[in-house]
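Have a look at the structure below, then the notes.
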Amino acid sequence: MVDVGGVAIGGGTWVVIAGPCSVESREQLLDVARAVKQAGATLLRGGAYKPRTSPYDFHGLGVEALKLLKEARDLTGLPIVTEVMGVEDVDLVSEYADMLQVGARNMQNSPLLRRLAQSTRPVLLKRGPSATVKEWLLAAEYLLSGGNPNVVLCERGIKTFDSELRNTFDIAAIPLAKELSHLPVIADPSHGTGRRSVIPAMSRAAIAAGADGLMIEVHPCPERALSDGPQSLDLAAFASLMKEMERPSRPRAVPSP
Amino acid sequence: MVDVGGVAIGGGTWVVIAGPCSVESREQLLDVARAVKQAGATLLRGGAYKPRTSPYDFHGLGVEALKLLKEARDLTGLPIVTEVMGVEDVDLVSEYADMLQVGARNMQNSPLLRRLAQSTRPVLLKRGPSATVKEWLLAAEYLLSGGNPNVVLCERGIKTFDSELRNTFDIAAIPLAKELSHLPVIADPSHGTGRRSVIPAMSRAAIAAGADGLMIEVHPCPERALSDGPQSLDLAAFASLMKEMERPSRPRAVPSP
Amino acid sequence: MVDVGGVAIGGGTWVVIAGPCSVESREQLLDVARAVKQAGATLLRGGAYKPRTSPYDFHGLGVEALKLLKEARDLTGLPIVTEVMGVEDVDLVSEYADMLQVGARNMQNSPLLRRLAQSTRPVLLKRGPSATVKEWLLAAEYLLSGGNPNVVLCERGIKTFDSELRNTFDIAAIPLAKELSHLPVIADPSHGTGRRSVIPAMSRAAIAAGADGLMIEVHPCPERALSDGPQSLDLAAFASLMKEMERPSRPRAVPSP
Amino acid sequence: MVDVGGVAIGGGTWVVIAGPCSVESREQLLDVARAVKQAGATLLRGGAYKPRTSPYDFHGLGVEALKLLKEARDLTGLPIVTEVMGVEDVDLVSEYADMLQVGARNMQNSPLLRRLAQSTRPVLLKRGPSATVKEWLLAAEYLLSGGNPNVVLCERGIKTFDSELRNTFDIAAIPLAKELSHLPVIADPSHGTGRRSVIPAMSRAAIAAGADGLMIEVHPCPERALSDGPQSLDLAAFASLMKEMERPSRPRAVPSP
């Protein structure tokens, strides 16, 4: 069980980390923070430093975003999860964030993992897009053996031949990682599928498979998002997802006598 | 909605197709049939003709197995699902089976699909291990456009770099296939993962994702199975899986006020 | 070493199988046959029965195409390689073809393999898009153990996450298959890459890796081809490829003294 | 064309970068350096900082290895290629190395790429195991657009379903990357296949496909190597590979008249 700013991850209930892919402005962030809090989210996510495939893409507002995240926490009480991209940023990001995220591209960045092993902040370790479950657990071992016991894993989809969705969301990795370790596992159906319409079904599936929480991208206006628009839910869709998670499951067919 | 020997697939409830990978003997099949019926299964599966990677593996008992499947149906009332491997076997298998399965290796066997398009039996079309969802739906289109409207899809895992499980069980393909077509979709976590310990979690996940049923391999003594032992449940494990499917899901963490 | 209508495959030299993906008309086939013969090809390929992903695509001219292939052989002396898709077609296709091709989708069609094991025709066994080298060799074992020693393997690319080319052309499978068996191995850079511009480089690479031959799709007018246009060479490009294969390789850099 | 310590990469001839995976001792490195120089290598590789999947594996000798690499250059005249793993090491490694390697795990480490964009050293950018060619070129774009024009790409295999070799060596990526950019491309058949027996065939194939050079792991005693033993050549095998690269290719079969 990992404590993140007062929220327990891995203790039998499941949490919801929600927020925008990137922090884009004060208004955007605070709107989302208020809305996800009201809908039932337990932590707030938001990218200040964004790893991107192209150097010409938006790379985040940096320290300005960190300050806005702090303001959002003050406003809503939600602990903050945000990504740290390099050894040189760990101290700064730790001043503002309650949980430090290691992105999928950095899962095997061993200098970064070694540095975070010495941090007092809990770490959310995303699975690399081509990492096996064992490679993922060995990456976690850099943190654990280096002295940081507060590690939460995050399944976010793997790269396969099937390009109809952004990634193949490997839900079986959730029970497998829990069987091979004792770490909590969060699921990110936003990156895991990249397609808004299947996020509710995959959120239910991940929790049914034993995930200790969900990480969901939410944006007030996904069409105008500077990153990950197609997989972001708007405020209403997120509220509706949270309600749908409470829906009882369909009944089994009754066999003939 | 597809009717298979009186059982409706795709009508809002979910079904369970259970039974051994291969029919190996009268005793084995009837034991399994009785046990899965009692535990709540709605259809019986069992392989008479087995496609195998190696020519030296067990390839099924053929027509003898078909006769045993008929006997098991007479005994339990469970409709029979079994694989047909070639055009030349369609008539014979249709005499005994209520639903004809097209195996993953045959998903793009167009002569077989064209022949089954003219059958009056419903068809269970397994997804090929390297088929995209669109290729799968185009394979179904051979059946539909050829005159057989009774098609049920079956997700059974795809081949990816991750070899820790037998396949990567692509649960997101279930809501995607249902969004892109109107066909019922069954999930096969036995082949989808190849690992007994994760089958209960993945069964719950598949139903939570919207699957119209499960296909589960059950054997009285998996260690002695002639095929697919490591992914088969024994009779007690299957009964326990069926009970676990009724278990309410864990609660969401309550946010701080 | 396998003899195909007088041409030896696997005897230390390398052969070229060239021709259209599908036989579309008498004029198209004879034009290609004459041109590839003149450019140095040793065998003629051409599809009479075409497996296709969609039921609405062109599926070949069937027996009419077989007759045209025979006419092309009479005209050019080139032995004929063509695909057979089902058990029910083996006798008919064998009347016209010198070598029977098993397509990638049928690599694990065991009824077809068992039938071809009893044929006196040599078989060209294409690797399935998600088959490991061992699975491919086990498919060949259906032919060998069943009585047909005249098997030639054909590497044609595998399905991976990289969708920039149609397939990932797995050239390392060529020396690996030759190390693990004693069968000749042909390479098909047309399907292996799906992109005309890289076919010459990949043809040179495959031969340098030890392939016993190439299979190249050639069409008089690729833009109008009924199948596989983007990967087909026109007559001039094929002649130019054949010349380029003779070009000496670039020199190694001379180290400083 | 990129100049590395006096050796031109990409100028019509092809180079050979050879050396041990990790620098393990003075004797090991100098033995290899002398032997590869004599056999015709043009640059020397050797790992000082090793990214490893497990925290319990050997991670390199660090600065001690850098000093040994300098000594080996003084002895043989071969320019040095070695990996730099983090922003914080760039200055130190640049003091000793002629070319800075970005490892496959770091291909999308944008802080590192941005830092190297400001370096005067040429950069060898390895392709990530799940990177498409376009993602690889966009990673190069971080270097190019940031001010460092001296970028050489290195294909080293991708992760696919086929686990018989360590990676799938994607030789078609070589002509494709050269078509889509103007950067030189080196091939690494040691990592690309992970299997000693196929390295000669794949070296010939890569050069035939247009690669501007090879990167080959060589160790005096591969069975005792602290990393990558199964894919390392011993000194005699490397010398023999270099001779085999000069061997004329097999002749094409002469068609019958």
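Order of writing sets the chain letters: A, B, C and D. Residues in each chain are counted from 1.
Everything below uses one rule, namely that contacts are C-beta pairs under 8 Å (C-beta built on N, C-alpha and C of every residue); 3 or more make two chains touch, one makes a residue touch a chain.
Values in this document were obtained by computation on a predicted structure and should not be read as measured data.
With chains reduced to the mean position of their C-alpha atoms, the one farthest from subunit B is D. Interface comparison, C-D versus B-D: the higher count of C-beta contacts falls to C-D. Once the centre of each chain is set as its mean CA position, subunit C and subunit D turn out to be 33 Å apart. Per-chain Cα centroids separate subunit B from subunit D by 47 Å. Counting partner chains per residue, subunit A has residues 130, 159-161, 163 touching two or more of them. Within the complex formed with subunit A, the subunit B residues making contact are 6-8, 12-16, 37, 40-42, 77-78, 130, 132-134, 158, 160-165, 168-176, 179, 192-193, 195, 197-198, 201-202, 204-210, 213, 245-246, 249-257.
On subunit C, the positions that touch subunit B within their shared complex are 51-56, 59, 85-88, 105-106, 108-113, 128-130, 135, 138-139, 141-142, 145-146, 159. Of all residues in subunit A, only 130, 159-161, 163 touch subunit C in the complex they form.
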